[in-house]
Amino acid sequence: MAPNGKTIAVLDEGVGAYRAPDPDGMRRFVRDHKDRRLVDKRMTEQDAVSRFVDDGAYVSYDTNVWRRGPSSLMREVIRQRKRDLWLAAKFSAHDATLLTAGGCISKIDVGWMEVGRVITEAMNAGRLKMYEWTNGALAYRHLAGALGVPFLPLRYVGGTDVFRNSGAKLIEDPYTGQAVCLVPAVNPDVALIHVNQCDMYGNARIFGPGLAPVETAMASKRVILSTEEIIDSEEIRKHPGATTLPYYLVDAVVHAPFGCYPGTVPGLYRADLQHLMEFGVAQVQGKMDEYLEKWVFSVASHTEMLEKRVGLEKLNVLRAEETHTEGYYT
Amino acid sequence: MTAALTFTTNEAAIVYTSRLMEEDRLYFVAIGGPPLLAILLAKQLRTPKIAYVVEDGTIAPEMPVPTPPFMVGAGLASSRAVAWTDMNTVDFHAGLGYLDYGVLAAVQVDEYGNFNSTFLGDDFDRPARRFGGPGGATEIASLCWRTILMTRLERRKFVKKLDFMSSPGFLDGSLGARERAGMPAETGPYRVVTERAVFGFDDETRRMKLLAVAPWSSIDEVLGEMEFAPLVAADVAPLDPPTEEELAMLRANIDPTGRTISGDWITLEDAGGTLRRAAAEPATTNA
Amino acid sequence: MAPNGKTIAVLDEGVGAYRAPDPDGMRRFVRDHKDRRLVDKRMTEQDAVSRFVDDGAYVSYDTNVWRRGPSSLMREVIRQRKRDLWLAAKFSAHDATLLTAGGCISKIDVGWMEVGRVITEAMNAGRLKMYEWTNGALAYRHLAGALGVPFLPLRYVGGTDVFRNSGAKLIEDPYTGQAVCLVPAVNPDVALIHVNQCDMYGNARIFGPGLAPVETAMASKRVILSTEEIIDSEEIRKHPGATTLPYYLVDAVVHAPFGCYPGTVPGLYRADLQHLMEFGVAQVQGKMDEYLEKWVFSVASHTEMLEKRVGLEKLNVLRAEETHTEGYYT
Amino acid sequence: MTAALTFTTNEAAIVYTSRLMEEDRLYFVAIGGPPLLAILLAKQLRTPKIAYVVEDGTIAPEMPVPTPPFMVGAGLASSRAVAWTDMNTVDFHAGLGYLDYGVLAAVQVDEYGNFNSTFLGDDFDRPARRFGGPGGATEIASLCWRTILMTRLERRKFVKKLDFMSSPGFLDGSLGARERAGMPAETGPYRVVTERAVFGFDDETRRMKLLAVAPWSSIDEVLGEMEFAPLVAADVAPLDPPTEEELAMLRANIDPTGRTISGDWITLEDAGGTLRRAAAEPATTNA
C-alpha cells in the first residue's frame, strides 16, 4: 500500500470463468520454447497439429472458415480427435460448429459464431460451455496478451450481461475518476492462422483486412501457419514493409493451397457456396457425422480431400471465378 | 382493388432504415446483414457520400453494384476501401468518436434500447434458442455516438425483460447509467426500426417512443405487438411504404441474391386512395 | 464501491506534471471538429501551422529531423514564432534544440533528444522544463491516447527516477496480484507527421520502419501531414493495404518535397551531413540565431529555403546519392 | 620496445562487448551507437547468426559492410530486415520475452547496475550537464532477459549514488526489487563492459562483481577508478586486448567513418612478452 494509502475502487466484477492472465508465464514459455534462430519450420499439417495442439488447449484462430481462415488445420484438429479445447470464437463462422460436431471443444469464448442445432444441442447436453464476450472484446483481450500485460482498460461491456458473465471488472479510473472496465489478457496455447504467403522460417504476409492476426500470433504460445504459398526468404528481405508476422513468433509452416476451402482467400479463389449449402443441409438434417466422415475422416490429408472430394475441376472454377484481385495480388 | 405493392417485412425495415441515413456521416456496421444493405441502399438512392467502416477493419469501401453474392466471404465487399486495417483499429476509431452512427440488428429489445443477440430461454447454459452472440454489436452500440437498431415488431421481440442483455441501450434508463457503466458520454440508442413502425427515445426518460407508423398499420396494432408500453409521440408520423424505386434498387442491385426475402410478405392494395394490407403469407425464406 | 467493497492498492505514484487524460473531451473534439467528408485538405504550410498549431499546444511529431520527420513544418512553427509549446520528444533528434532556439517550447516530455548547450542553457535559465519519460513509454502513452482509454498498464519505468518524476502509478494488478505500472494517455493538440505519399483527402502512406506514426495520428486532435508526394485517390483505393493513415484522422495536407531536409527520407534522398555539421557548429559557437535567420526567418517558405539556401544542384546530389531504394520504392 | 597495438577506449569496449555475444540469440538495441557496432562486429567475426531488433521497429536487418555513414539517418541501416514495424511493436516483442539481450550505453552506473542517461548535477531542472535522456534504455533494460551495459571506467561514472536513475538495474539490490517495481521476473543486468574491465553481478547480493581485467591494467587500478567497491571474483580473468583482426574489421567495415575514435588512445608495448601500456594521449574526437 502506498504511503498515502491510496486505493482504486472496484465498482463491479463479472463472475465468468476465464484463463487467468500470467504474463511472466508467457515470457518463460517464450524464453524456453520459442526459437530465435532462422530454422526451416515447414512440416505437414499432421505434424504441426500433433506437436502443437494438445488436448485441453486454449485455441485461437484467424480469420474464419468463410474467409482466409485455417480450415485445413481445423479439419486436421478434428481428424486427430483433439479433445476439451477452449475456443476463442472472435467473429468465427461455422468453425465452432465443425469442432463441436467433431467433439473437440468443451468451451467457447464467443464473439460471434454461426449457430445451428449442433451447438444448441451440445449446450443443452452439457457438453459445451459458452462464455459470452464480443468480437471486439476478444480481439482486445488478444491485444492485451500481445502487449505482455495482464489486462487492458475498455470502454464497453460494462452494464451488460456480457460483463456479468465475464472476467471483466469495473473500476474507478485513477486518472479521470470515471468508471472504466478492465478485461483480462488472453495468451492462447496455440493459434491457427492462414496466410497468403510466408517463407520457410515463418516470416508471413497477409493481404486484405484482417480480424486480429498480428495480436493473435503475438499473444499465443504456439503459432501454426498454414499458407497458400511459400516464398523465398530473399523476397521477404527485399520488402520488409510487406511482412505481417516475423519468423520468431511462428512454430510451424504448413503449405496449404486452398487452405481456407470451402471459404475464400480473396484474390485467389472464391468460396464454394455449394459446399456451404451441403454443410448447412447436413446440420439441419442431423447428418454432421456423415459430413465429417466425407470431408475429414475418410481422407488422410487436406491434399487428399482436395483431390478426392473437391476435384481439380472445381478448384479451377473457384480460382477462375475469383476475378477480383485488386489490392490483394494486383 | 389492385395490388399496389408487395414486399417482405425485412425489405421494409431495410428501406426505412436507409431513409434515416444522414449525408456525409460515418457509419459503423458488422460484416454483412440488413444494416449494411440499408447503408448500401441509401448510398445508391439518397446519400451517396455517407461512408462506412466494417468491423473487419475495412474503411470506407466502395462495393460495386449489383453487390457480390455471399458478401461476408467476398473480397469485393472490401474493394476500393481507403484502408484495410483490423478489428481493433476500427474499434479504436469508434472509441475516439470518429464513427457517428452504428446500425445493428437485434433479436430482442427492451424499452431502454438494450438488446439481445445471444439466446432465448431462461437458462444461458441450456438455451431454448441460441444465436450468434454479441458479435461487434456491443462495441458499436457503446462507442458510436448514435445507434440505430433493426428488428421485427413482435411481442417476443419488444420485451419487458431481455432474456440476455448482450448490448447496451440506456441500461436502466437512469441519468448517466451508461457513463457509470464505463461507456463514453453522450452516446446511446437513437432509433429502432421495424417493418411497420419506427421508434426513438425520450430525452428525459430515455424510454422508447413511437415516432412513426405505416399507414396500413395503426398505433393500436403496434402497441399490441409490444410487451411493454412505449411512449407515443404527440404527432406520430406516417411511415411511407417502400417505393417501387426503393424495392427495385434493393432487389436488383443491393441484394440480387435475395437474402432479404425473409420474414412475411406484405401486400398493399389501393383501396380508393388509401393503402390497405392484404392477407399476409409466410415468405419463401432462402438460406 | 463494489458490494464486496473490493479495492486495488496504489503502491506508489509519480509526482510529475502531465496533461490529464480526458477521453471524452477527445471524443467531443472529434465529433465537433473532425471532418468525415472526403474534402480537399491541401494547403500551404503557412495556413496549416497558423490554423492548427496554437500557442500553448501539446505538439507531437513523427519521426524526427534526421529521418522522415516534418522538418519543414517545424521550421514554419519557428517562423510563425509559436510560443509555450509542450513537445513530445519520443526519439527526437535536434528538433527540440531548434524549437528551443526559436523560443517556441517551454516544456518537453523527453524520451531521447540530441542535446547541446541550447537546451542546457534554456533549462538553467528556467525557460525550459523537462519531463523525463522514455521513447517507449511516450510511444505507449500515444497508443493509450489512440485507444481512447485514459491509461495503459506498463511493465517498466517502475522503481526509477523516471517514475518518480512522471505521472505514472504503481498498482497491485487485480488479476495477478503483481505490481504493474499505469501510464496516462496523451492526446496531443496537434501532430506533425511527414509521409511518403498521400492523396488530397489525407489518406497517407509511410514506407519503412516508423516510430509511432499511426498511434500519434490517432491520438492527436489535429493532424498536419507534410508529404513528399500527393497521389491520386484512385491509387489509394486500388491498394487499400498500403494505406497507413485514413483520411478522417487528417486535417491538413501540405505538399513538401524534401520536407525532412536536412534529414533523409529513405529511398528518396539522403541526409545533408554538411548541413548537420553547420547546425552543430552553430550551436557550439552560440550562433543559433544566425542559423535560424539563414534557414528559417530570412526565407518565406520551405520552397524558398530549398531554392535560395540549398539549391537545386545540392538537392539533385542528395537524391542521386540515395541509391538504396529497396523495400521503399522498389 | 616496439608499439604492439594502439586503440581507443571506446574501441576496446566495443571489442570486449562483441566477444560476449551468444550465437543464435536475439538482441535489442537503440538506434545507432557503440552497442549496435558491437553487435555488427560480432556478426562479422564470431557469431554470424545472432539477430537484432532496433528500437525503431526494424526486425533482424542485414546491414551491409562497410556500414553506411550517419547510421541513424540511413535507410541502409534498416535494409534486408525480415519486417519493418514500429517502436511499440518491438517493445511488445521484448515484453513477451522474445528478446534475449539488451545492449546499452550508460553515462553513470551504480553497484546494482542501475544507470543514468539523463543528467549530471544535483538539480534536474538546472543540470550541470544534460544528456539525451533514457531513450529506449529503460524498456530494453526492463524487458530483455539480460542487459549488457557499456561505459568507461571512471570514478565519476561508477558512483555510489546516481545523479538520476534513468533505467533500472537491480534497484536497491533486494530480492525481488524489480518485480515489486512492476518489472518482469528473472530479468536484470548481466555485464558491464569498459575499456579495461568487465563486470558481472553476484547472484546472491546482486552487487556488481569484477570478472576480468586487461593485462595492461590491474585490479587495484580498476578499483581505484570506482567510487564504490565492487565484489571481486575469486579468479579475475585476463581481458585479452583487441586483436589486429578485431580492430581492422571495426575500422574498415563496422565504423569506417570513425565515430568510435573517441575517448583516449591506448598504446600497448611489448615489454619482453608482456603487454604494457604506453603513456596515454587524448584522442582526436570526431563529431
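To keep things simple, chains are lettered A, B, C and D as they appear, and every chain counts its residues starting from 1.
Basically, a residue touches a chain if its C-beta (ideal position, glycine included) is under 8 Å from a C-beta of that chain, and two chains touch if they have at least 3 such contacts.
Quick caveat: nothing in here was measured; it's all calculated off a predicted structure.
Asker: Could you tell me which chains are in contact with subunit A and with subunit D alike?
Answerer: C
Asker: Greatest Cα-centroid separation from subunit B: which chain?
Answerer: Of all the other chains, the one whose centre lies farthest from subunit B is D.
Asker: Please state whether C-D or B-C has more C-beta contact pairs across its interface.
Answerer: Higher contact count goes to C-D.
Asker: Please tell me the distance, in whole Å, between the geometric centres of subunit C and subunit D computed from their C-alpha atoms.
Answerer: Comparing mean C-alpha positions, subunit D is 29 Å from subunit C.
Asker: What whole-number Å value describes the gap between the mean CA coordinates of subunit A and subunit C?
Answerer: A distance of 36 Å separates the two centres.
Asker: Counting in whole Å, what is the centre-to-centre distance of subunit B and subunit C, each centre being its mean C-alpha position?
Answerer: Centres of subunit B and subunit C (C-alpha means) sit 41 Å apart.
Asker: Just curious, how far off is subunit D from subunit B if you go by their C-alpha centres, in Å?
Answerer: Those two chain centres are 61 Å apart.
Asker: Would you give the residues of subunit D that are in contact with at least 2 other chains, written as numbers and ranges?
Answerer: In subunit D, 58, 78, 80-81, 84-85, 95, 143, 184 touch at least two other chains.
Asker: Where in subunit A do residues touch two or more other chains at once?
Answerer: As it turns out, subunit A has residues touching two or more other chains at 23-24, 147-149, 154-155, 178, 180, 208-209, 238, 240-241, 326-328.
Asker: Sort the chain contact graph into one of these: line, ring, star, complete or other.
Answerer: Other.
Asker: Got a list of which chains touch which?
Answerer: Pairwise, the chains that meet the contact rule are A-B, A-C, A-D, B-C, C-D.
Asker: Which residues, counting only subunit A, touch subunit C once they are in their complex?
Answerer: These residues of subunit A touch subunit C: 1-2, 4, 6-13, 20-24, 147-155, 169, 171, 173-176, 178, 180, 182, 184-185, 207-209, 238-241, 326-328.
Asker: For a test of understanding, state which residues of subunit C touch subunit D in their complex under the given definition.
Answerer: 63, 66-67, 89-91, 93, 110-115, 119-120, 123-124, 126, 129-130, 132-137, 139-140, 143, 154-163, 165, 170, 178-181, 208-215, 263-264, 266-267, 270-271, 273, 276-277, 280, 322, 324, 326-328
Asker: Please name which positions on subunit D make contact with subunit C in the complex.
Answerer: Residues 30-31, 54-58, 69-70, 72-76, 78-81, 84-88, 91, 95, 114, 118, 124-127, 129-139, 142-143, 162, 164-168, 171, 177-184, 287 of subunit D touch subunit C in their complex.
Asker: Touching subunit C in the complex: which residues of subunit B?
Answerer: Counting only subunit B, the residues touching subunit C are 24-26, 49, 51, 58-62, 78, 80-85, 92-93, 95-98, 100, 143, 145, 184-186.
Asker: Which residues of subunit C touch subunit B in the complex?
Answerer: Within the complex, subunit C contacts subunit B at residues 23-24, 26-31, 34, 36-38, 146-149, 201, 203, 218, 233, 236-238, 240-241, 243, 245-249.
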